[in-house]
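Each of the two complexes below includes chain A, the first together with chain B, the second together with chain C.
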Partner chain A sequence: MASVALTHLDPASRAAARGWSDLTIRNLFIIPTLVFLIIFNIFPLIYSLGYSFTNFAANRSEPWQFVGLQNYRELLSDDHIWSNFIITAKYVIVSVAGQMIVGFGLALLLNRSFPMKGLITTLLLLPMMMSAAVVGLFWQLLYSPSWGPINYVFGLGDFAWLSNPDSALYAVAITDIWMWSPFVMLLSLAGLSAVPQHLYEAAAIDRAGWWYTFTRITLPLVSPILLIALIFRTMEAFKTFDIAYTMTTQPTAELIAIRLYKQAFQQWDTGKSCALAYIVLIMVLAITNLYVKYLNKVKER
Partner chain B sequence: MAAVRTSSEVALNRAAIVAVLVATLIFLAPIYWIASTAFKPKELAVSVPPTVLFQPEVTPFIRLFTKRVQMQKPVDPQVYEAAPWWEKRIYDGGERVLKVGKDVQLSQYPNRFMNSLIVAVISTVLAVGMGTFTAYGFSRFKVAGEADLLFFILSTRMLPPVVVAIPMFLMYRMVGLNDSHIGLIILYVAFNLSFSVWLMKGFMDEIPKEYEEAALVDGYTRMQAFFKIVLPEAATGIAATAVFCFITAWNEYAFALIMTNRRAQTAPPFIPSQIGSGLPDWTTIAAGTFLFLLPVAIFTFLLRNHLLRGVTFGAIRK
Partner chain C sequence: MRKLVTSVLAGIGLTLACGTSVYAQEKELTIFWAEWDPANYLQELVNDYTAETGVKVTVQTTPWPDFQTKAFTEFNAHGDAYDMVVGDSQWLGAGSTQGHYVDLTDFFNKHKLGDVMAPATVKYYAEYPGGSGKYWAIPLEGDAIGWSYRKDWFEDPKEKEAFKAKYNYDLDVPKTYAQLRDIAEFFHRPDQKRYGVAIYTDNSYDAMAMGVESAIFSYGGDLGDYATYKVDGITNSKEAAAGLDMYKELYKFTPPGWGKTFFVEDNQAITGGLAAMSMNFFAFFPPLVNKATNPFADATGFFANPAGPDGKRFAALGGQGISIVSYSKNQEEATKFLEWFIKDETQKKWADLGGYTCSQAVLKSEAFQNATPYNKAFYDTMFMVKDFWATPEYAEVLDQLNQNIYPFVVGGKGTAQEALDKTAAEWKATFTKYNRYK
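Our next item is the complex of A and B:
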């Protein structure tokens, strides 16, 4: 390889001969990062793949045994795990759907000029920047059946949002919707502001109704970016741990990440939890792949 | 655009603005509740009906920073008179501040806050430093399999923390990195590095190559051109990336919960652990939460023009 640089510099020129070669610089800049990520992300995953075929328990000193696919077999036939996956699916659907509706709705409302628009938009974005664990904890007070402002405002009496098995998961989802609708709003606003104004003018000249304009112009042009928001939020909601873990201990709100945490660090069933981690990992990577594909598509436009 | 607007359009526009204002109030209500509870007298935090307006006081912050015990009998009036104003507030609440000799004993909060600060700042500097070099490499040079490598780098960001934490916990235990600042810093660098590479690559791509070419022709080496031309041009991008990495590390919960318990514990796992059993003192928890959220709120305003870029890994720029 004579020249690896994209800047067209004659390799025989004086400039190219000074200092380190471009090839050296490129390797020096890129390889440490790749090595770091391999050591601290890929190597641990290989390590835990090994343990997923054993009955290793990290809190005991007795030697572990190779058990083949037994962990995976047990997990896939365990009703408890399946119910965790179903809870997670419910959570993902409710919370992501809520975020898409509220977030896109807010963006439609914000997509006009009015005084202090910048300030209001930034204020609306605050929830998503904050620590989910810490803010989630505080929602315990907001939801409190005895003195929570939510029950007071909506006249719900002593309804126990977080300790009622039927409502705990949805209470967490509501908090998640509050936190992450701003994310969808931010992306939608970018999509909406990129719709060429002349299309709306043409529609107005044709006396097209609001609904017609919305479904034929706005939605199709914003949908690629909405899809990005949808996939990203789905992936994140699937991985949810902190907000649900600090808000409630209800088994009906035990998401798969919480189950994994308990299995690994409370029951110390290390081998099996490595296997469960792999099942979760494969699912996350599938969504990630989809996400990056669409991200590149939107980028190209 | 000078479009003629009908009266119904004007009305619709006004209704939308009113709706936006209402939505903003609803979204800010929980944050107001945290901030206001941090300044409430203890009994007003759990009052029925909930208290919205009140005489603010700083007692929760005094309680946040001190170790206290319940008093068995009322305080000696002479001791009370001699006490500084903040100590009187504690006496008023029926408690006394624990002391060693004359030194007031601090609660664990300042220590956990410092741990958060140490881990977030150091991991940010490392992640942004490495990320900037790597982004330049990807932006300016031909790299075989570039798209695959970038996907690999991004995918490390998407790994669920608990999945990575299980093997990391075992490895750290072997080398004694559990409950250490360094251990947590390494994890946060690994987590933020991919983000920093992607975001910085977007910023690097925007700096015209002609700048460096001109410098190279003028007799700079490429390294000189990088440090003297490219880095100053990328300063805004580096600052924005750093703030994002800082916020992520600052807010992180799962790794901190699993990897630390005493020495290196950061604020996110510490604050919920205060709830414990019995009736929690929400004003003190709110005071801790308020101080913890404040830097992030300030940063959000500083970052407002870069938020879109940040949350899409630099893919959507506007």
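Our next item is the complex of A and C:
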């Protein structure tokens, strides 16, 4: 299959115009990429799978032993880890739902022509171009009970968003919504602008109401791309580390990625951390698979 | 003719000078430490060594939260990027048993450092296991928990009168934790944006643990028997629970949103005019007496950690010793450097620059104790310090303590006894896992 693909170089392509042979392209681009991927991605992935069945600790020079499924057994029966997973689930649901609603809402508002549309769209995209650690530090200041503008604007007095164990996680989720709604907005905007205009015109002739048009035309046609945004955001939210780590140290906001970091790089429990990383990976894969199945169904419709 | 001779001689001189310096620059030593003022003072100090010997010494730094991770990543990879490291006292266990540090016992005994350095610094920065007579580091920067306070608030006659009327004793620097609590309560006036006290609550590394253990130790509690690893009945003793309760009590009088605070926030509590008293490591006090960084510099005083109900008085130890990394290719050169570093005149210069020397002779000198408003409190504290666990698995032990005390102190969940019972049980399981009970 690969060789078939390689023998047919599009004669109009720039590479062909330069007189590059398929072999050159393979040697110059494909092989280095594959080697890079294998060395830095595939190999560590398999190697860490091996570690997850041992009691290896990177800071000890003692020889490690094969412990079978012990790491997995210990992790899955550890209450702390389960509470981390529950925290992560709450975080994913709140932050992804928020991003979908805000992002899609913004896209609906932007999907018409008005003056300075380009400028406003670009400005709205700014949050997602910032570094997550910087966003975390800034929002920490915004939430400050003594001088933070958020409490001032909403008249919340000295409500301590990040020091209150019940609100810390949601405060982080709100920050994540602020940062990543533009991403959903961008994808939705692309989806919305691809909806054929004649459908709306037909609906208007039939005197269809706004809600009817929205649920019967807009939503079904945009849903595949919305689902893609949902998949990306769920995967990302599941492994959130930077924002949460810089904003709070509340155990009630300790996401699974933070627990994993502590286990791997503060306690140097390498074997067990590898096992935990695999548990997280399997969970993310399972959730993504469900989404993809659903996405295919939606596309078939 | 004369001109020619002079210029030729100058040329030869220049060549020689360049030649020697090029030769000397070949020898280089790198010291790894965290990014803070003392590291800058150390760089200034070691420049003298370069001037004397021609060996270039660089102090490399990294921000505090990364310090442990970065150092151990390098150790675990057996890297030789650092010849010496100024490591936290808790690292001694891992550093010595995992072979990261060079054994300095002979060096220590040869120079009789046990008598030269303050006893507590030798015990906690250098020796591992405790009482074994094996030494892995030279005490470099002494440090411990101390307090800064607003002298002007304390000395205001109106405040003094009101305090006396309410609590029946004079408002003064607190001698006990109970007094500290009263004073914190007295000055806690949220409507005036004034608060009682600033304490450590950050649980991402050891900040909160250091604050809590200071209270536990002074209340007569302990974290465990460091020699036998016994924790049952020690970690969760009534005294320890009372100490933890007091820490939670103090949290009530902190400024709002005081849930992730370490040295930066605690100093801001003073420089921002927020709190009457603030806990911090002595190493972070220099900016508080500097008018450029603290508008209340003239009105800021300092005191040592107060006593518990039975008059016991301790403070959590910070500070670091300097160790030679066993993967370094310049170990001999590093030893020579340490020989220079322990000289009395070097230690004196170190103290003059702002470093907290551990040398008894310098510490006891009048000149040192009067050099800054906090040096006297530092001197008092260095003879009443206690430290956290220094076992190789201390990071795991620290995390378990954090997990249990944070929800109690900041979140108000459960009781002190429950938090410590759970800690003791988890510590026991951890020590069992590492075969500490033989």
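Quick note on the criterion: the second predicted complex is superposed on the first by the 258 of 301 C-alpha atoms of A that agree within 3 Å, B and C clash if a C-alpha of one lies under 4 Å from a C-alpha of the other, contacts with A are read in each partner's own complex, and residues count from 1 in each chain.
Everything that follows uses one rule, which is that contacts are C-beta pairs under 8 Å (C-beta built on N, C-alpha and C of every residue); 3 or more make two chains touch, one makes a residue touch a chain.
In this text the structure is predicted, and so the values were computed from the model without any measurement.
Q: So in the superposed three-chain picture, is A:E201 touching just chain B, just chain C, both, or none of them (first/second/both/neither)?
A: Only chain B is touched by A:E201; chain C is not.
Q: Using the touch definition from the top, say if A:M100 reaches chain B (first), chain C (second), both or neither.
A: neither
Q: Going by the contact rule set out at the top, does A:S163 touch chain B (first), chain C (second), both, or neither?
A: Second partner only, chain C.
Q: With the two structures laid over each other on chain A, which partner does A:F265 touch: chain B (first), chain C (second), both, or neither?
A: Both partners, chain B and chain C.
Q: Figure out whether A:A58 sits in contact with chain B (first) or chain C (second), or with both, or with neither.
A: both
Q: Who does A:T252 touch here: chain B (first), chain C (second), both, or neither?
A: After superposition on chain A, A:T252 lies in contact with chain C alone.
Q: Have a look at where A:I87 lands relative to chain B and chain C in the superposition and call it first, second, both or neither.
A: neither
Q: Figure out whether A:S146 sits in contact with chain B (first) or chain C (second), or with both, or with neither.
A: In the superposition, A:S146 touches chain B and chain C alike.
Q: Using the superposition on chain A described above, determine whether A:L45 touches chain B (first), chain C (second), both, or neither.
A: Touch partner of A:L45: chain B, not chain C.
Q: Which partner, chain B or chain C, is in contact with more residues of chain A?
A: B
Q: Do chain B and chain C touch any of the same residues on chain A, and if so, which?
A: In the superposed arrangement, which is not itself an observed complex, chain A uses residues 58, 144, 146, 265 for both chain B and chain C.
Q: Mind pulling up the chain A residues that touch chain B in the complex?
A: Per the stated touch rule, the residues are 4-7, 9, 15-16, 18-20, 22, 25-26, 28-30, 32-34, 36-37, 40-42, 44-45, 47-48, 51, 58, 106, 109-110, 112, 114, 118, 120-135, 137-142, 144, 146-149, 152, 178, 182-183, 186-187, 189-190, 193-194, 197, 201, 204, 225, 228, 235, 239, 241-242, 246, 257, 260-261, 264-265, 270, 273-274, 277, 280-281, 284-285, 287-289, 291-292, 295-296, 298-299.
Q: Please name which positions on chain B make contact with chain A in the complex.
A: 1, 3, 13, 16-17, 19-21, 23-24, 27-31, 33-34, 37, 45-50, 130-131, 133-134, 136-138, 140-143, 147, 149, 151-156, 158-171, 173, 186-187, 189-190, 193-194, 197, 209, 212-213, 216-217, 219, 221-224, 226, 247, 250-251, 253-254, 258, 267-269, 271-272, 275, 282, 285-286, 289, 292-293, 296-297, 299-301, 304, 307-308, 311-313, 315-316, 318
Q: Could you list, by residue number, the parts of chain C that touch chain A in their complex?
A: On the chain C side, the touching residues are 68-69, 72-73, 75-76, 94, 98-99, 190, 193, 201-205, 255-260, 274, 392-393, 395-396, 399, 403, 406-407, 410-411, 413.
Q: Across the complex, what residues on chain A touch chain C?
A: Touch list, chain A to chain C: 58-61, 80, 143-146, 158, 160-165, 168, 245, 248-252, 262, 265-269.
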